[in-house]
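Structures are listed in the sections that come next.
You will see chain A twice below: alongside chain B first, and alongside chain C after that.
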Partner chain A sequence: MGKEHTEEYSIIGKPIPRVEARLKVTGQAKYAADIEVANMLWGYVKRSPHAHARILNIDTSKAEKLPGVKAIITGKDFNGFTWGWSQPTRDEEPLATKKVRYLYEGVAAVAAIDEDIAQEACDLIEVEYEPLPGVFTPFEAMKEGAPLVHENRPGNITVEYHWNFGDVEKAFAESYLVREDTFQTPRMAKGYIEPPATVAYWPESDRLVFQGAKGSPYFPYRILSRCFKLPLSNVRIITPFIGCDFGGTKNDMTNGDFSTVMLAKKAGRPVKIVASQFDTLTTDLRRHPMWITMKVGVAKDGKITAIHNKIVSDGGAYTRMSPLTHFLTGICMGMPYHLPNFKHDVTCYFTNNPSSAAMRGHGIYHTTFARECLLDMIADELGIDRVEIRHRNIIKNPEPGTIYETINNVHIATAGTEECLTKVAEAVKWEEGKKKERIKGNKAYGMGFATGTYLSGTQLSAHNACAAIVRVCEDGSVNYLTGATDVGMGSDTVGCAIVAEVLGIDLKDVDIKRVDTAFTPADPGSYGSRVTVLAGEAAINAAEDAKKQLREFAAKKLGAMEEEIVFKNKQVFVQSNHARSVPWERLVRMACYDAPGRVIIGRGHSKRATDLHTLADFSTGKGDIGTNYSFTAQAAEVEVDLETGVVRCTDNSVIAHDCGFPLNTQAVETQVIGGSYHQGVSAALYEEFKMDKGLTLNANFVDYKRPRAYEAPMTEVLHVITNDPFGPFGAKEASEGSTCSAPPAIINAIHDATGVWIKDLPAQPEKVYWALKEKREKEQKKEKKK
Partner chain B sequence: MKDFGYAAPKNVGEAISLLTELGGHGKVIAGGQSMLVIMKQNMLAPEFLVDIKGISELDYIKYDKKKGLNIGALTTHRTIERSPVIKETYPVLSEMEDNLAVVQTRNWGTIGGNLCHGDPAGDPTVVFIVLNARLKIRGTAGEREIDIEDFYKDYLEVDLNPGELLVEIQVPPPPPHTGSAHNKLMVMKGDMGIVGAAATITVNPADGTCTGARIALSNVASTPWRSRAAENVLIGKVITGELLAEAGRAASAELEPPADVHGSSAYRKEMAELFVRRTAETALKRAQAQG
Partner chain C sequence: MNDELKELRFSVNGKPYELKVKPKALLLDVLRKELKLTGTRTGCEVSACGACTVNLDGMAVRACSILALQANGREVVTIEGVADGDKLHPIQEAMVAHGAIECGFCTSGMVMSARALLLENPKPTREDIRRAVQGNMCADSGYVKYIEAVEIAAKKMQGGE
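Let's turn to the complex of A and B:
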């Protein structure tokens, strides 16, 4: 099915090299930290040495006297402004004024003629604190009488959801087997190597320009408009190339972002702040650590009867995106397995740790890990093959034109999970593999499986508008304007490819303009795997609109009906007689130079995100959070050193991915390999911020481990094509779903190899070592008893 | 990073007089691979850097069958790793270098810098200890030579007086029927070992007894650690699997290793036992293979 489909297209559906690759590899691409503006000052943020303390006084007098200092600000300069992810959660100040809630929270900032002076001036600012007792785990935070992180938030609760579908208790009572276990996912770094950086200046007193590494530039657009009381028309956010995001900080604001703008205003000169790696790793948003207690009931044949989640989570000092994160832990539980009864209790607590926020696989990551491990435990207990138990539960791909509805009213038009799972099991020859000896010398080998799902084209209740403008220049070249931002995932390429495909021109004829809020249409941002699906749809509609304008003209010139005109391979011709044609460039020139000349500007916006079914309801856990949903199955092999506990993933790994239709096969593969398999391996085996009372102990990439390019294991990617009716050209998201399936596949593989369960990620050597030792000692005791 | 003064003397003499002139205010920098890390973390803020990286007279590898190996302090890790004469005569050094950091670090970091940094987790030291190496140090007062084992005073503290430079590492030729090995516990290739061990074993081909053993461990104490207890288990005996295990236990028993984000003290203790066994076993095989 997919193959025939591909042949219709000239550009999409094939491997397409990135449009910006040459600029990046030749060093021409400018990132935020590269930006230099005439007369620019350097800023630096003064940070708190306490994780929880009242601010009694800030004395800047000594710093003011340091030569070279041009402006000093404290939180008071912001006149009580607070901000947050949504209106009711505006609990954070640009710089703390009364109280600091996490270690190294910003309390003041300096602009000076160079960074060293700014830093030195920060050292001269004297802040008097009254240290307060803090809470550093959700379990401390939930205790009666625990210190409050926010005085107006009793119980330190950031957000909680309690949903109930069907009759879980009854289902458990009737189940053949019920299994419950607690799993743990740690704090993780987003791990971008590009430092977050911003340059801000005020060309006129009521006009702001902000150039920053922001994956969702319309967040600062709205927040800065409110903060500085400017009409949106006067807030100009210009996005340079972005060196990776993975959610969080580049969606949101930092102390440094606000400081650059306020310092620039006060100094009357441009100001730049580049965050150091230490600042980034100690204060930036990280993945929520969660404790997931999941209870699964099954019938004798392994069919799931009910799931009940009880989740405790550490949200850190501020609410940030936590309401969405925790909503996401439950909303997709009805996929990819049929789930008749479901209960979800999740509570996130404030602590005096740096705030947690979105990270790739947002929310769904945690519950996928728990569920996929539990399924293996259950399969073993029932004596059912681990692939087979998944097959028995998988939601079958709905017949074209029909929709599968989950128990919480999520609607699925396509689901390739079954095909994905079949393909990976075949690819790794599981039927033979499962009989193989696991132990060779002091090494053990094992294979693990997991499936995953993820929403694409996220639908939230506000700011969903997403549009594109396609401007056809008189020489036939095209400018594509979008509010969407490529943070490294390749959406610029896909957007250009879509425009080129629709207009029947070459990829090189399309030039994408990066976001400049003065010119590009508003867009929610790069999160929720929404860009390709929604901005892609907007690009189609805008290109179609431009084409319509040209088609009218071509019909007249070629003496044919409008609907007969075809645009392909840079020719415009009549369907019934290809000889009646005109080259693209010539047609455009004729149209523009005609009397009266035409200005060809196509406009389009995405409708899917708001058109479909029911919008998700956070309080009940019902409805569609996605426009459509991707599915993944994964097999991963590990090698465990039984004497040290060191686990390595081998190259014997396969990921089958249903992204509907891969618009750019190469981008899907590289995203799945580098962006989810490697990130998943890393999450499973290496990554964790180790903390001590709010202090991040491994805030550098030597002690915080991630595999490097030359030693990372490889995986094979198989495309499963389902052509989703709700995605552009049938597309759904690619690779956030496979980020979720990697950790459980690897943990399941460790269990397959050794018989031990590592239920708290990551499976670092010491953890695995003690688990192996404990198992050995237990077995020895049993032997003795015999 | 705080501002600092900087000079790059062209030879050892100039470097020593400059350092002497600066008294305690000058700090030597070679490849900067260790120093820049701690300077960036503001753990070290030298007033004046004396950059010796360009002093080519300390960049050499010399080998003589009778005298052994002489390595200039400014020889890079990469040069040692790739040196044909080292691969041929002291393969354990190439083996160790292959697992030291990444190519970029090995291209720029020097062997002298590594030893002088005094990190008990460092790899070269333990290998040089089991190879019985000596260090040549030069200062205004002239030259002195010390046993590498005596060079380490405490965590990041070595026996260097202000104005002194390490100039050379001297490795004697190994006795016949000797094998050496190095191995460390890495999560990823090139990691600083959570625990590391090096061993040199000499056997008497006539009766198979072990006539000499040197065993040293990294990252288990505040300085590199030579385990005489483990050596004593092996010397004078025909080494069996059980004896190797006993050597491991003997090494581990005397340790109270530090804990950090990569491993607890208890885990390091168990790994010390394992890595002494593993490396001694490899060293033994290599000694026996010499026929």
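Let's turn to the complex of A and C:
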């Protein structure tokens, strides 16, 4: 794999229209809220009006008497069951029983014949609370004597890591310049527009069917098996189409998910719960707000000598994925710049806010923002060009066959950062642009640069199962089965394309269904940019296995050695003599009919995630979290209104992206434009949950701002091909890394335009206005002194 | 609240309907729950995301924010009524071919806003398109390919390629 010549491929490496696009564009695609089952009831969750309170009593008697109510549950129905991201962090109940830890946490649920009755019944449930003082920032949470969110977790510490590589103190002492600053990333919505929904029913008393918007369906598979004491064979999770995820809630469980299943059990009828957008924006998982103090030492030539991170983070009420998030804030610091000394101290605290969790650019997003802004500050102080200082530090693309190892034992076979940066600087004509006048009337223009990296093909112990089944039907059509879930990124299309490519058939010959745990192989699902790299490898192996079985027949039929048989363009022929051939359909039919009872089923799994290097160690910060790593460089131009502080990203922006080899160029472009640059613009300039003691003040898409089509910049994507030896057909992840580089590029551009630093995201107009005003006043004072 | 059912006569995707609905029923709920036309999506419920956009007498409206009874005597077209049988509308065709669609949740609304635009203004500028779909929120496409797809469709409908 990792072939050099794309002409060898029939399907991959080109723009491939999505296999499911027609269903989506005609409205036929079914999302979770669209599912209806005969005899179905509607469920509704009763939520706490307190952010932190002891539950003294729950009285459901009035609700029970409401006509149309079919079942009522409270947390006690779950018999003390707790769950969490990993075995030691099972700190959450399906519905709170003793204490609520964030506002609107679920405490009971009702199933009724329609939604209005279910909601009315929830209003009739009387819950007696004893309100408790809460902690709403990590700085309150860390104070001595602060109220504890979890009584068994002293200091409110969710998770902390302290790593040390090389000799940071010595390196700082010997550095020409040391610069330290604090940056802040806000609490952000995941941004999916589809509110989570679930339908559950029990076809038999020990068999469960659960259809929900789940990007990682094998998480509820395991969790519900444990919760309801069912063998895994009896838990059937079926995924409908999913209206985006971006990490977090749709990987995990919600109060509503558990409630649907328990209500369906109790009522003996199917139950559906559809979250409202208000529920989604007040209770779903968010991006961690972090305070990142980063200290960077450099030599006189701008080469980085050491980095020390001190990070404080708000994990919210429950642990959820926080152990992974905070590990990720540091594990990739050794890329894309050479880093000889590195220290990482990160602490996440419990608060009485809704829980935080994974979100695109998971963890890496925060430290990339701080580092890329600091690099510009240092470049300016040393009088080095901002592109040049990056070039001086970039890890060069390793020679083929060699591996670059970071100080914390992360292994890189390919790194296209240097080429990416060169390309974007050329594309925006930086050499000419940097001399241009920045101010035009009441507008200022500036250009910013940043680079980014991201892991692909996440390696997490106990979460690496990843397999594929390729079932060749007797007419030559193919069913491709995978447990990997497409939440919108296009992995179903890429998987089908890979199978078709390997078997030498057309894309339309390969069919994929949505994940169904009754049939598809176990898989961790969509997170950590893992699907294309790992499920892609599994698809290759499964298709190769099916091909091997067919090759035996072809060799017999064509009187040739098995190694000589080639599958291409729906023909199977002998390499040395193409005339000795048999059409694909005919070969398949012969193979299926030749031996009675035979069916052609190929099996394959991904081995790279576990076989490649050493698994990452959370306690030491060493080892490979990825199978390989993507790289990005980006240039973004902004226009700042000097009177109002409004910042607009112009169309003059370019992202160069090294995803190894783009398997579907069209999908990579749409992902990089939308899923990273555009989301980056949104993160840099718009998005932030405003909170008041655990209450989300802007829990709707009117007050929670995001860019609209008229303010969306038209950006350009450049592909940098590095053909990674560890990815399927040379591929690495696409577009999660570029999510991380967008906000610093924009903040750097604002500084380039105006000279002000916005170190706490987002750069909303008011913040920019005050920063500009402060700068003007300082300058005026200086003038007066003269 | 007066929950006495009221009569609603309207046309949906060219088909006449006579229903009895609650006065408070939203057009969105009647389309999705009564007529089972689930291609119109429920997103924000406050007219902010545009996932529920339908065409009412050719205009793009948010089905979450008008009462079903306001459609009385009028013509509604939903995403299910845009294609001509198996033949996709040029807007749909362009969105598929141009790779605009990702998760697809906003797609129905995008198509309906674009359709209303092209009915009113067959030769829109890029700025016109941006304004026409400004009420349609998309989390993952960055709008760029949707906007370009509408341009492609408009050209095609004008007889160009």
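Quick notes on this one:
By our rule, the second predicted complex is superposed on the first by the 777 of 786 C-alpha atoms of A that agree within 3 Å, B and C clash if a C-alpha of one lies under 4 Å from a C-alpha of the other, contacts with A are read in each partner's own complex, and residues count from 1 in each chain.
In this section, a residue touches a chain if its C-beta (ideal position, glycine included) is under 8 Å from a C-beta of that chain, and two chains touch if they have at least 3 such contacts.
What you see is a predicted model; the values in this text were computed from it and never measured.
When the two structures are aligned on the shared chain, A:646 is found in touch with chain B, with no touch to chain C. Which of chain B and chain C touches more residues of chain A is settled by the count: it is C.
In the superposed model, A:708 makes contact with both chain B and chain C.
In the superposed model, A:482 lies in contact with neither chain B nor chain C. In the superposed model, A:697 makes contact with chain B only, not with chain C. Judged by the touch definition given at the top, the superposed model places A:244 against chain C, while chain B stays out of reach. In the superposed model, A:686 makes contact with chain B only, not with chain C. Using the contact criterion defined above for the overlaid structures, shared-chain residue A:667 touches chain C, although it does not reach chain B. Of the two partner chains, chain B is the only one touched by A:764; chain C is not. In the superposition on chain A, the residues of chain A touched by chain B in one structure and by chain C in the other are 278, 700, 702, 708.
Of all the residues in chain C, the ones that touch chain A in their complex are 32, 36-46, 48-49, 51, 78-80, 82-83, 88, 92, 95-108, 111, 127, 129-131, 133-147.
For chain A in complex with chain B, the touching residues are 116, 278, 643-644, 646, 685-686, 690, 697-698, 700, 702-703, 705, 707-708, 711, 764-766, 769-770. By the touch rule above, chain B contacts chain A in their complex via residues 2-3, 37, 40-41, 102, 185-189, 191-192, 194, 261-264, 267, 270-271, 274. Taken in their complex, chain A has these residues touching chain C: 15, 17-18, 20-31, 33-34, 36, 191-195, 241-244, 246, 274, 276-278, 487-490, 666-667, 669-671, 673-675, 677-679, 700-702, 706, 708-710, 712, 714-715.
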